[in-house]
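Some structures are shown below for you to check.
Below, chain A partners chain B and then partners chain C, in two separate complexes.
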Partner chain A sequence: MKDLIMFLILSVIAVVSSLFVFLSKNIFRGALSLSLLLVTMAMFFAMLNAEFIAAVQILVYAGGVLVLILFAIMLTKEREPSVSEVTTSRAVALIAFVVLSLFYLAKHTWEKYVPEKEFSATGASVGTKLFQTYVIPFEAASFLLLAAMIGAIYLARRRG
Partner chain B sequence: MLTGEYIAIGVFALIAMVFPVITFLLSRLLRPTKPEPDKYLTYECGLIPFGDARKPYDVQYYLFALLFVVFDVEAVVLFPWAEIFKSFGNITLLLIEGIIFIVVLALGLIYAWREKALEWR
Partner chain C sequence: MVGYIVPEIIIGAFASLIILLNYTVTQRKILGYLSLLAVALAFVSLFKLPRMTAWGIYAVDDFAIVFKAVFLTVAFLVILSSLKDINKREGEYYSLLLMSLMGMLLLASSIDLLMLYVALELATIPSFILAGFFRDKQTSEAAMKYFVFAVVSSGLIVFGMSLLYGLTGTTNIYEMINRLELNTVSILASLFLVAGFAFKMAAFPFHAWAPDVYQGSPTPISAFLSSASKKMGFLAVLRIFYIALSPIANYWALAFAILAALTMTYGNIVALSQTNIKRMLAYSSIGHAGYIIIALALLNTKVAIFAIAAALLHILVHAVMKAGAFIAGIVAGENIEDYKGLSKKAPITALMLTILLLSLIGVPPLAGFLSKFYILLSAIYAGGSVGYVLAVLLVVNSAISIFYYGRIISYMYWAKAENETKINEPLSVTLALIIAVILVIVIGLYPSEIVNYLQKAAESFVKGL
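Then we have the complex of A and B:
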């Protein structure tokens, strides 16, 4: 019962903040609203006993990725989009939403996403998976990070 | 499932959110209100702000943010590494796995260093 109330409160915050992300006229405020959404997601993970993932969500997403998004926004020039641009992007968003929801509903059932009772994602259980079962993808991820880093440095360096 | 520790964090977050609201409400009740255009400037005794806040920033900020995110991810992955260290069967293998990960990312740091991406220009 306590969990259900908590879940409902968090769901309302999550839905409202994600609506604000794209309804907000100011893209910077939209990004800040995204941070609220990410923190709420961390709380969902904490409710599911996935404490490690909750911590990652806050450290990496609400901390790092959001800073990256904000800096990317600050890099760009603000420009009033034309009416046709707005219409196109809205149409694309609507089509993407419908297609993805249909895809999701066709492939999955709701019950599948209710975790089992013993579900837990603590640092130790994630660590065992990461360094034993999925060690190759894990090492591949380091090359992915390296590629992102070198690519960004190469693009951003001063030429000449 | 929510345990007691999270309730403490929740109460803390609630206080943090309510506190500024109460502070602003109290000061509104206590202070005399005499609006003047000068009082609405961003810096009361500083430069007069010009232009818009949405001005393109230097790309270096983005570079620093990206380096931060990469090493943030690295740090996050090293926490479970440290946590399973004692209970893991083959410690040498685990050590090598971790070191490979760190070395690969260190290559990126060396590249950033050599390209002088760590220096502010």
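Then we have the complex of A and C:
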């Protein structure tokens, strides 16, 4: 019961804030309501006993990604943002997509495949997975970040 | 202990070394030679790799070795042909090229969706910067288009993968087979994956980015994108669809059959009217992607192993031919008018390009004939309406392709150029062309060994290690 009430409150916040993200004309307010949405998502994870993912969600998304978005907004402030109009056809397409996907996903029973029940998302178990089973993708991801960094510096650097 | 990952370690180490040396070495030539050395060393290490699976996410089977060899060969040709404009290319060029190559090598061995996705991104993200490397208007536009399309396709792929994970509770593709059932969500997941990988393979109707990007990028990078990056799509589709999604094979095989028919016909017909060589090669590359997708459409039939071997052969041969054809454009130019009288202006390039184009048409005894012939055979063996329709379309499209490839050959040998001053043929580019031509001839003359090995590779990957 307590969980249900908590879930309902969080759901309302999540839905309202995500609606606000694309309905608000002010891009800065949109970014702020996105941060609210991301924090709510972290709370959902915490409710599912995935504390580690909740912490990472706040660190990476609410922390890192959002700061990046705010920087991007600040750096491009002079330009007037072009807000696309909500036309009838677009609204119909959006609603149809949402309804259809909800319909398909609801019809399907997900409980049957709860992934890896014995795996608890504590720091230790995540660390073990990260540095044993998934050490190759982990190192590949570090090269990926390096490549992105080199590329960004190269593109931003002045010629010659 | 880490023997199975030696080629990737070599490439990664040299990529890091080159970016460090970039700020200390004044002679940029050295960086180019170092990256050539890295690719050569990695290629040699392929022969010594143990066949094994690590952590259940990384498999070194013959199938992976074939793709690693394709990627390394293409990278060698691309780096060799890049040595010409030493001053235009800074150290980042070679470093990013090697990092992208490292991602491809990792992708070849991935048998886990997580590993596969990280490797795919590692291979893709450096190539955005490479596509826009000269930072002028043309290459920046190409890079931007490539970025947008690649990111959208990655999004589709990740969504498809997350649905598969939700359905089966595993990311290992071999474990997925037993847990996957036919239902709306698994169909939805395979649809997302087909669309996402069709972008990577540049299959109609997801091809729109390819001609613009290949035309705008620096020419060696066009070769790299069409010969190596594009092949990643086929690799991932073979791994994911033939293994993990085999329980619902009848559904996606039909989707691939339709994609194959549309892609080869569209690519070849539009290629007829192109006047820019890089654009024409891009459309021809779309056509050839269609030929390879024929094999994907036959994965639910009894000739699946043979079809995979045929697809592997065409992937290998097309990578070499297309890389060579793009590289010839470095000397000859981009416009079709530049090719008039090329046999007088640059005789070696003209001769090499002629052999490569003949192979692209599928003239025996060159390798292009052989690989097309095997795809045709597998379509006929598979039979049924799908097999025969695809076989007929393959033959018709090969006939169409004679016109646009033949036009370049006739321009080079029989058309008069306005000025017949010699064009300088740089040694590195000529060497890359000669290597490509030798490969095309050798594969064409000694097919049985290679085909046997490819068949073994196809079997190894079906069974799993």
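We adopt the following convention: the second predicted complex is superposed on the first by the 115 of 160 C-alpha atoms of A that agree within 3 Å, B and C clash if a C-alpha of one lies under 4 Å from a C-alpha of the other, contacts with A are read in each partner's own complex, and residues count from 1 in each chain.
Following the convention adopted for this analysis, a residue touches a chain if its C-beta (ideal position, glycine included) is under 8 Å from a C-beta of that chain, and two chains touch if they have at least 3 such contacts.
What you see is a predicted model; the values in this text were computed from it and never measured.
> Return first, second, both or neither, reflecting whether A:F143 touches chain B, chain C, both chains, or no partner chain.
A:F143 contacts both chain B and chain C.
> Chain A residues in contact: does chain B have more, or chain C?
Result: the larger residue contact count on chain A belongs to B.
> Is A:L75 touching anything from chain B or chain C once the two structures are fitted on A? First, second, both or neither.
Once the two structures are laid over each other on A, A:L75 reaches chain B alone.
> Please work out whether A:F52 is in contact with chain B alone, chain C alone, both, or neither, and reply first, second, both or neither.
In the superposition, A:F52 touches chain B alone.
> For A:Y104 in the superposed arrangement: first (chain B), second (chain C), both or neither?
second
> Quick one: is A:Y134 in contact with chain B, with chain C, with both, or with neither? Answer first, second, both or neither.
After superposing on A, A:Y134 lies in contact with chain C but is clear of chain B.
> Show which residues of chain A both chain B and chain C reach, each in its own complex.
Common to the two interfaces on chain A: residues 135, 143, 146, 148, 150, 154.
> Can you name the residues of chain B that touch chain A in the complex?
1-2, 6, 52, 54, 56-57, 59-63, 65-70, 72-77, 79-81, 83-84, 87-88, 94, 97-98, 100-101, 104-105, 107-108, 111-112, 115-117, 121
> Quick one: in the complex, what on chain A touches chain C?
So the residues of chain A in touch with chain C come to 104-105, 107-108, 110, 113-116, 132-137, 140-141, 143-144, 146-148, 150-151, 154-155, 159.
> Could you please specify the touching residues of chain C with respect to chain A in the complex?
5, 12, 15-16, 19, 54-58, 90, 92, 95-96, 99-100, 102-103, 106, 114-115, 118-119, 121-122, 125-126, 128-129, 132, 135, 165-170, 179, 183-185, 188
> Can you list the chain A residues touching chain B in their complex?
2-3, 6, 28, 46-49, 52, 55-56, 59-60, 63-65, 67-68, 71-72, 74-78, 123-124, 126-128, 130-131, 135, 138-139, 142-143, 145-146, 148-150, 152-154, 156-158
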